[in-house]
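Presented sequentially are two complexes of chain A, the first with chain B as partner and the second with chain C.
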Partner chain A sequence: MSLLSQQLGSQMVNLGSALLLLTCFAIVAQRRLTACVDMFAVQSVLLAATAALVAFLTGIHHIYIAAALTVVIKAVLIPRILKQVVERLNVTRELVMNVNIPASLLICGGLVMLAFFITQPIIPLGFLLTRDSLAISLAIILIGFFTMIARKKAVTQVIGFLVMENGLFLGATSAAYGMPLIVEIGVFFDVLVGALIIGIYTHRLQDAFDSVDTTKLTTLKE
Partner chain B sequence: MSTIAAQVAVFLGAPLLAAFLSLATRQARLLHGLNLATMTGLVVSEIALIQQVLAHGPLTALWGLVYIDALSAFILLIITFIGLSCSLYTWAYLDDYVARGVIAPGRLSRFFFLFHVFLFAMITATMANNLGVLWVAIEGTTLATTFLIAFFRKREGLEAGWKYLILCSVGIALALFGTVLTYYSSVRVLGDESEALNVTKLLEVAGQLDPHVLKLAFIFLLVGYGTKIGLVPMHTWLPEAYSEAPAPVTAMLAGVLETVAVYAVLRSKAIVDQALPPEFSGNLLMVFGFVSFAMAALFILIQHNYKRLFAYSSIEHMGLAMMGFGVGGSVGTFGGLFHLLNHALAKSLAFFSAGNVHRRFTTCEIGDVQGLAAAQPVTAVAMLVAGLALVGMPPFSTFTSEVLVVTALATQDFTSDTFHAGRFFSITVADEVRSLSVVAVFLLFAVALFGGFTYRLAAMVWGTPPEHVPRGEAWDVGHVPLIVTSLALVGLGVMLPDPIKALLDRAVGVLLVR
Partner chain C sequence: MLHAVLLIVAQTIVLLAVSPFIVGLIRKVKARLQCRRGAGVFQPYADLAKLFRKQPVVSSTTSWIFTATPYILFASTLAAGLLVPVFVSQTPLNFAGNIIALVYLLALGTFFLILAGLDAGSAFGGMGSSREAIVASLTEPAMILSIFAIALTAGSTNLSTIVHKTALLEGIVTDPSPHLMAFAALFIVALAETGRVPVDNPATHLELTMIHEAMVLEYSGRYLALVEWAAGLKLLVFLTLIVNIFAPWGIATSLAPGALGLGLAVYLVKVSGLAVVIGVIESMFAKLRLFRVTDLLGVAFILALLALVFFYVLRG
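Entry: the complex of A and B
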């Protein structure tokens, strides 16, 4: 591959990763739960596109399989499950938050800087094509983590977890051109089953507590 | 080689087959029989497997997907034996609850389905050659056990199950990032994508892996799997899950699942230690272990719920084992591994008896339980044995392993300082003072723990039971594991059988840097 097209490819992958990061901020800034789910679906599509781009540029075919699985599971199946949960539970908005939106956005900006700081020493080891995506993937993981802490509704917490998973997938694709296929498939299986279980669980929580506000889960104490 | 393939097929196939067969029937007797047959089969093939590993060294099977060395064989020993005693206890426990109408008979098949899937995931984790598959299997255990924890469908159970699911999933996601980083470092050396996460390959090239990446990777792996182990400060799900889950499930979680999570950390440590000085991973384990031990000792003092008391004792013992691995050396590592086995025995015994007490007294409050010795003599003895073993009293085997860990702590040499030892005598002295002061602080917490634990136990065992509690205990199959486990705790404390000792020695060899 010529140097020019390699640079162009690298820029495209970086663009994809940056857009992924942007959708994270959109999720953090969003109050409506269905919009959060939609943003997550968009993020998954972007992730699949970035992965497919890496597959195309490197000629490693099994990344295509992972990209296709991402579209089917994370962009179609899981958002559908989550929307059913939102509809059935009749909760549409995250009204009270542990951290309000402007402060959340500021913290997320700080997390991005932290991610770049942590990965600084190991970035030069990476493949030229996807070098900067590792830092972005850690940033996405941290933002997902933060979303789980800062939001109260069970559904938003699940989205935070799924955002973490997306960050991990980007990390695996960017750092090492994808994990071995058996691991990749296993991870997708776990995520899908996890989403199903969480879907069932929120129903049970709703029945038992009349709410999916996780701050009401306070029966168990020291 | 075909015998190995057959054994592996039994290990992986039997629980999976049993899981789906359980869904096909609703007969309680059939379900229990199936469970018992599966566990017996696993124990038999485990004994054969240990012989193979001792005779021929590490084994690989299924096109390199399965890798069994002395360490995994030792963990499998814990899984299968505790699993067998659990299935015996489950028989009595579930029959009782079905008879009382707490559990609908139709839900038994789902219990056994989840139980066997849980077992399958743990065995896969222990046998996997690929660190990625190990991760997938450990996440699988989280998914399989959430509904087991919330099996009674009470509010508290649901709450505990939800916290467990969310916290462990997040923790385990961090471990996946650690796995990705390990892969990132190894794929640059190996280039071969499909095998770059295999333990066998990683050990070959571990010396060439980039130390910076491995450092970061190990921190993520330790925090991630540490959440499953229940190390402080990632432990908050643990007391709740342990106090709400059905007793046989808790016994499996506390005795076996924690051990499997420790195994994941040890596997990572064995690889990381080849590329980095062992002090790096050792010190991290030491810090997490000591903080867990000390915090749990303090929390034990304020517990008024006996299941939570045992849960905090789990955190404490895992901290102790971690300190053993952290100090390293042959003594510390041997002590840590042996302690895993002893803790699994003592903790399953503790939760079996706690389950019996809960069924009789219908409360988990220590203040409301009195006169256990009069109401349930067998359970009372079992609880005393478990309690004394958990505080590390002789003649129980936990005493032996704790002494080993403390010895390792007291005689640890700080490698960086012994370098100077020849020239600066004063530093050597300071070293000894330092390691002895660590031991002194450790023993201080151990004494606090001893006091808190025995005080609470004595209050439950002696005295006269409340009026509404019936006296006497009818013999049932659930008493078999109580007696056998108690005997095993004493037996291992007096004498360590040769095969187990040989296995432990080999496993120590796996963990020490060659």
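Entry: the complex of A and C
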């Protein structure tokens, strides 16, 4: 591959990762639960596109399979499960959170910078064309983690968890051109089963407490 | 020298002539999307002509600020428009001010409009002014940061240099990610600064949540015409800034007549396209509650910040 097209490919991968980060901020700034789920689906589609681009640039075929699985599981199945959960709940939007939205956005901006500072010494050592995405993937993991802490509703906490998983997938793709396929498939089924279990658990939470606010789990009940 | 004067005159005429058309176009798009026929796209010209003929009524409690503001607002907005490359990449006035001067020329107009809103002493004007001050103070950091991100990529704060370099694709870093982030930030800022839908509703005089309309409620006659024209001009300046910074291709990079004509045609198409996008956005989204505006502008600020960070990080 010529130098120019390699540079262009690297920039396209960077652009895809930047768009992924953009959807993270959309999730953080969003109060409506269904819109959060939609943004997660969009993020998964972008992740699959970025992975497919990496597969195309490197000629490693098993990344295509992982990208296809991402579309099927994270962009179609899990959003559908979460939508069903949200439909059963009596809340459509999250009004009270541990950290309000403008502060969350600022903290997430800080987390992105932190991720960049942490990866700064590592990135020049890499030689893959996707190496710049490592910083972004770490930022996405941190933002997902922060979403789980900042939000109270079980559904947004699940989305935070799934965003973290997306960040890990991007990290694996950018740092090592993806994990072995068998590990990849295992992770996908774990995530799917995890989302299913959390969906059922959210139903139970709703039945027991009339709310999906996870902070209520600490209150004692007869 | 003669070329420069002619170009400045031409740019002034284009800006003044196109801005009511853009306002009319957005209204038309919104009307069509609401299954109405709507007024023609040239209705704002007729409105302005009518307002210029009407006798202005000025409250006896107002000071000179009230009557001076329409002129200051109009002049500062037009001056800001002359700093932006419109259809030729090298504007003759590019020595007069860079991108920072542009931001603060627009802020000068906003400042006087806020004062004029307070001047008449009506409750609506005061409310509008206080809200406009909130919005303006929140958009300014986002706008400055996104503009710096672009200026860093082009290596200059001079708008003509930025547009010229990008149009010819010479000497700039072509990594698209910082540009994308800065574009998203600047677009949100443009919507907020020009009082479009997620922040303010330009179509109503009857809402308690209005911002721009509340400030200009006391104006009538030719003063109102100037304020409305300046508002249209500000919208056009923002649209021009966005299309020419992020997609300047087609703009005239030389003074050949053919290139100038093509540049003008391409400019009109691009600006109209962006106006249609704004019309669609206005139809798709509801106005945000006033206290939620900070969330949206927070997103714009963070995007602009990320654009700056990306610029440094993605070059390894």
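In the analysis below, the second predicted complex is superposed on the first by the 217 of 222 C-alpha atoms of A that agree within 3 Å, B and C clash if a C-alpha of one lies under 4 Å from a C-alpha of the other, contacts with A are read in each partner's own complex, and residues count from 1 in each chain.
Here, a residue touches a chain if its C-beta (ideal position, glycine included) is under 8 Å from a C-beta of that chain, and two chains touch if they have at least 3 such contacts.
What you see is a predicted model, and the numbers here were worked out from it, not measured in a lab.
After superposition on the shared chain, chain A has more residues touched by B, the comparison being chain B against chain C. When the shared chain is aligned, chain C comes close enough to touch A:Ile101, but chain B does not.
Judged by the touch definition given at the top, the superposed model places A:Asn90 against neither chain B nor chain C. Contact with chain C, but none with chain B, is seen for A:Leu15 once the two complexes are overlaid on the shared chain. In the superposed pair of complexes, A:Gly171 makes contact with chain B only, with no contact to chain C. Residues 11, 14-15, 17-19, 21-22, 25-26, 29, 101-102, 105-106, 108-109, 112-113, 116, 120, 123-124, 132, 135 of chain A are the ones that touch chain C when the two sit in their complex. On the side of chain A, the complex with chain B involves touching residues 60, 62, 118, 121-122, 125-126, 134, 138, 141, 145, 148, 154, 157, 161, 164-165, 168, 171-172, 175-183, 186-187, 189-190, 193-194, 197-198, 201, 204-205, 208-209, 214, 217, 219-220, 222.
Only residues 65, 130, 132-133, 135-136, 139-140, 143, 146-147, 150, 153-156, 158-163, 165-166, 169-170, 173-174, 176-177, 179-181, 183-185, 187-188, 193-197, 210, 212-213, 216, 240, 243-244, 299, 302 of chain B touch chain A when the two sit together in their complex.
Residue ranges on chain C touching chain A, taken from their complex, read 174-177, 180-181, 184, 294-296, 298-299, 301-303, 305-306, 309-310, 313-314, 316.
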